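In structure tokens below, several structures.
Consider the two complexes below, in which subunit A is the common component and subunit B and subunit C are the respective partners.
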Partner chain A sequence: MTPLNLLAKPWIWSWLAASAAFGLTLGLTSGRGAGELAYAALSFGAFAAIVGLGQMLVITLGPGNVDLSIPATMTLAATLALKAMSSNPGTAFLGLGIALGVGVAAGLANYALIFLLRLPPIIATLAASLVYQSFAIWSNRGLRIKPPAGLADFATGRFLGLPNVAWVGLALAIVVWVVLERTVWGRMLLATGQNLRVARLAGVPVELVRATTYVLVAVFASLAGYLLASFSGGAALNMGAEYLLMSIAVVVIGGTSIAGGNSNVPGVWGAALFMFLVVSMLNSYGAGAGVRNVLTGTIIIAIVIAASTRRVRA
Partner chain B sequence: MTISKMLLGAASLALVAGVAQANSHMAETSDKRIALSNNYAGNSWRQAMLQTFKETGEEAVSDGMVAAADAYTTSENQATEQAAQIQNMILQGYDAIVLNAASPTALNGAVKEACDAGVTVVSFDGIVTEPCAWRIAVDFAAMGKEQVDYLATRLPEGGNLLEIRGLAGVFVDDEISKGIHEGVAENDQFEIVGSVHGDWAQDVAQKAVAGILPSLPQVVGVVTQGGDGYGTAQAFKAAGRDTPLIVLGNRQDELQWWADQRDASDYETLSLSIAPGVASLAFWVAQQILAGEDVPKDLTVPFLKITQDSLDDALASTPEGSVANVSYALDDAKQVIADAK
Partner chain C sequence: MNFLARHRIILPVVSLAVLLAATFYMQPRTMSYFGLNLLFNLAVPIALATVAQMMIIMVNDIDLSLGAFVSLAACVTATFVNDTPVLGLLILLALVLSYAALGALIHALELPAIVVTLGMSFVWGGLALFILPSPGGQSPEWLRALMTVKPPFAPMAVVAAVIISVVTHLLIVRSGIGTVLRGVGGNARSVARAGWSVIWLKALAYGLAGLFGVLAGMALVGLATSADANIALRYTLLSIAGVILGGGEFTGGKVSPTGAVIGALTLTLAASFLSFMRLSPDWQIGAQGAILILVLTARLIFSRKGAAT
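Showing the complex of A and B:
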């Protein structure tokens, strides 16, 4: 593969941007703390990558498909899981089961609203998220329950020098990539996203594909919520708030087509690392909140433009 | 818990009797209805606030002090939605509205309508600038400055500080930060070498601190805004750095962490924040206004401070995962009113 071919890959831009942010931050410290920063980026990038992978699948379904209930699903899954575990040792898998169960239920509920009531996904998932958030408030009144010690150690621990949560995010990324590129279901998802009507006429069970996708995104969100709560010492009612825009941003920056029908798995990870590193970089340079938001927005637009123009030329 | 509640009940009963005798000129409020207009419920502080208001209100209703004390929360934390909520309350005929506002200015129109309709409006925590409303404010700048003053007593040598800010663009964040910077200007042995936004959430603070730490020199102290101290401590631990002196914000997980550090290594610090129970203070102030008491428009509520000596008591009385709280009684409200006169 020649360098020019590489530049034509839409995902390369998020990785270039992440590397640039990494380099600029270390420029300030003349190289000190490189390992520390990379480790932090992998830890926190993993949560954004996991929700981003789910959001990517939904966005691939085509125009108008998006899941806005991700933050509420994360909060509800984490709240119920941590309440059930109530810090008791040996309950980590019970908690995981509950979290994933919440994800399946939320995904089915979202799809039921979209399919049965014919609501646009944006409205359906936004309305459902108010219900999930209310359940989370009602079930535990915002009390932070600590995760079991073993689970907390796992979530904050490392294996072969990389954070465990990053291994989970990496494994999921590989599974999603294989499913999209090598399985019939993945091909059907892409076909549905490219043209719903053509896909249906070609015999693709489009509604089944949409249903499984909405369940998958909610399961990914609930897994991210479970891990994040275990990582940060408990579930908080506002823990998912920043992952709404984050999940969409990493998909778009990662080079996935917002019009659907075209996924990009490596780009999601690059963008997740970038979103953490760019904030770290601007914080390290002492930029105020206003400057930071303006610069982050500008950089995101620049990456999206770079990625899309290259694709047109190629 | 129950004993203190009984005492509180007994105290307020005694007060009712006392009020009836001493202030016979004051109007009866037993037929008055008070509503809480709240803009947000999505964190442990707000949940504790709603709980305290509910307890205070139920007790006041069963004691016959007021006819109703109902709490309403908007779902989207938006000023337009809260303005509509206030208009509903006017139509429902409430005598007073206790208000935690989404914006200091955007609700002024609705608040003015309420005043014109003869409804008493008492704003607290998130206050409104409309002159016809009462304001129970916290001196947030003083809260920020006190943190630096405390650090100056503990670290006379000075050194580098890390500042954790709240939610960008919110009045409270600007005020606390202003106080912190005033404190640093007065104590020039300190220098703020980094500043991140933790959004008053442990996981956000943890992430922001983990991102800036590699580029920072040694940090001796961390000034915070509450709800961010535990996440900060976790980030320092994960980076393998020595734990600096972190000023905490009264959350139970922060207090628990403090107690653990104290037992392990004699860690000593200070924790301060506003008690969510300020809602009960606002309730009693509204009741006093309805009773005809002459109440100044601007009142100040002290912040709740926890020191090394009061840590164990505070930890024992704070439910796991919640935030340290005090419930204000009628005589506390009278004291605050008297102080403001």
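Showing the complex of A and C:
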């Protein structure tokens, strides 16, 4: 593969942007702390990457498909899982099972609203997320239950020098990539996203594909919530809040087409790293919260514009 | 075409009436000038924000930055407009123009509106934080007076809702330019073939959204008397829900300004209704979601019946 071919890959831009942010941050410290910065980016980027992968699958379904219930699902899964484990040792898998169960239930509920009530997914997941949020508030009641020690050690620990959560995120990314590129279901998903009508006429069970996708995104969100709560020492009611915009941003910066039918797995990881690195870059240059947000927004829009002009030329 | 399909406004009106009747039944004392004012007080900024969102949905886009934008407008109102009115109003005007420019940019480069507005939500939020790092500021006297005025016969909130819906109805449904704007949502290409410049029309739609967003921020400050950078973040989702509740659709330029205002009133009333139900605060957010689902289910049942006959 020639370098020029490489530049034509949509995912390369998010990785270039992430490297630039990494380099600029280190330029300030003249190279000190590179390892720590990369480690932190991989840890925090992993959560964004996991929810981003789920959101990517939904966005691939085509225009109008997006899951706005990700934060609520994350919070509900984390709250219920930690409550069930109640800090007892050896209950990590029980908690994981409950979190994933919450994900499956939330995904099925979302899809039921979309399919049975013919609601636009934005409205269906928005309305459903209000209900999930209520469940989380009701079951949490301001308690802060610590995760079991073993689980907390796993979530904050490392293996072969990389954070464990990053390994989970990488493994999921590889699975999603293989599924999209090599399995019938993945091809059906892409076909549905490219043209729902044509896919249906060609015999793709489009409703089944949509149902599994909405369940998958909720399962990814609940897994991210479970890991995040274990990582940060407990569930909080606002823990998912920043992941709503984040999940959509990493998908789009990562080069996945917002019009659907075209996924991009490596780009999601690049964008997830970038979203963390750009904030730490602006922090290390001493930017206040206001300036940081303005620049983050500007950079997101600039990347989208750059990606779109490239598309027109190609 | 059946009766309900032709008059999309019927269902939002009925939803609001049913909810209002239930509230009166639960708490008869709200059936008064003062009670109605309390029920609908906060509806004015939400109604304005919903109309703003409707302008964007009308041209087949969606605005995820509206809440942050209304917050920013509120912060500017509580600081610059109060301290140096001329500069403050100029800033607000610049905000409206930047919204119009955004619309033109989205159209010219064929960018996905959902992503651009997502990015802009960071920008507006950052600017708001920059202006008001901590909650504060003060509402200008005249604005406070305007928002707490007590007109005869009907409370301010109701009068304001009627004025907003009449003005936007005349602008979007009755006027020539409004019809063309809805045409952009229906079929942009045929509007372009008819000799209109779609980029100007999109800029106009976004500019109107910016204008109503600014008005929403000002109304909010008038009611709350101060501002903070996160004051209206939930308006993004509320306004989308309001447009849909009011009978609007995401595509095709099918929107109803009166419906959007009614949708905003319904959402506001739902919150009051739930507190009258003595529902535990834990469940209030969820019940709001449930009411939203219920109304949309009712709409589905009626439109199915319409299709069957």
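Here is the rule we go by: the second predicted complex is superposed on the first by the 311 of 314 C-alpha atoms of A that agree within 3 Å, B and C clash if a C-alpha of one lies under 4 Å from a C-alpha of the other, contacts with A are read in each partner's own complex, and residues count from 1 in each chain.
In the analysis below, contacts are C-beta pairs under 8 Å (C-beta built on N, C-alpha and C of every residue); 3 or more make two chains touch, one makes a residue touch a chain.
Being a predicted model, the structure only gives us computed values, none of them experimental.
Enquirer: Give one word, clash or fit, describing how subunit B and subunit C relate on subunit A after superposing.
Expert: In the arrangement built by aligning on subunit A, the partners subunit C and subunit B clash.
Enquirer: Quick check on the superposed pair: does A:192 touch subunit B, subunit C, both, or neither? Answer first, second, both or neither.
Expert: neither
Enquirer: I'd like to know which partner A:293 touches here: subunit B for first, subunit C for second, both or neither.
Expert: In the superposition, A:293 contacts both subunit B and subunit C.
Enquirer: Between subunit B (first) and subunit C (second), which, if any, makes contact with A:164: first, second, both or neither?
Expert: After superposing on A, A:164 lies clear of both subunit B and subunit C.
Enquirer: Examine A:264 and indicate which partner it touches, taking first as subunit B and second as subunit C; both and neither are also allowed.
Expert: In the superposed model, A:264 contacts neither subunit B nor subunit C.
Enquirer: Does the superposition put A:130 against subunit B (first), subunit C (second), both, or neither?
Expert: The answer is both, since A:130 touches subunit B and subunit C.
Enquirer: Touch test for A:64: subunit B only (first), subunit C only (second), both, or neither?
Expert: A:64 contacts subunit C only, not subunit B.
Enquirer: In the superposed arrangement, which partner chain does A:118 touch: subunit B (first), subunit C (second), both, or neither?
Expert: In the superposition, A:118 touches subunit C alone.
Enquirer: According to the stated criteria, A:73 is in contact with first (subunit B), second (subunit C), both, or neither; which is it?
Expert: neither
Enquirer: Enumerate the residues of subunit A that count as touching subunit B in its complex and touching subunit C in the other.
Expert: 130, 133, 137, 141, 289-290, 293
Enquirer: Which subunit A residues qualify as touching subunit C in the complex?
Expert: 64, 66, 68, 113, 117-120, 122-123, 126-135, 137-138, 141, 245, 248-249, 252, 258-259, 288-298, 300-301, 304-305, 308-309, 312
Enquirer: Any idea which subunit C residues touch subunit A in the complex?
Expert: So the residues of subunit C in touch with subunit A come to 62, 64, 109-112, 114-116, 118-131, 133, 237, 240-241, 244, 250, 280, 282-290, 292-293, 296-297, 300.
Enquirer: Which bits of subunit A are touching subunit B when the two form their complex?
Expert: Spelled out, the residues of subunit A in touch with subunit B are 25-26, 28-29, 32-34, 36-37, 40-41, 43-44, 130, 133, 137, 140-146, 156, 228, 231-234, 236-239, 241-242, 276-277, 279-280, 283-284, 286, 289-290, 293.
Enquirer: Tell me, which parts of subunit B touch subunit A in their complex?
Expert: 41-44, 46-48, 51, 75, 165, 168-169, 194-197, 199, 201-204, 206-208, 210-216, 230-231, 234, 238-240, 251-253, 319-322
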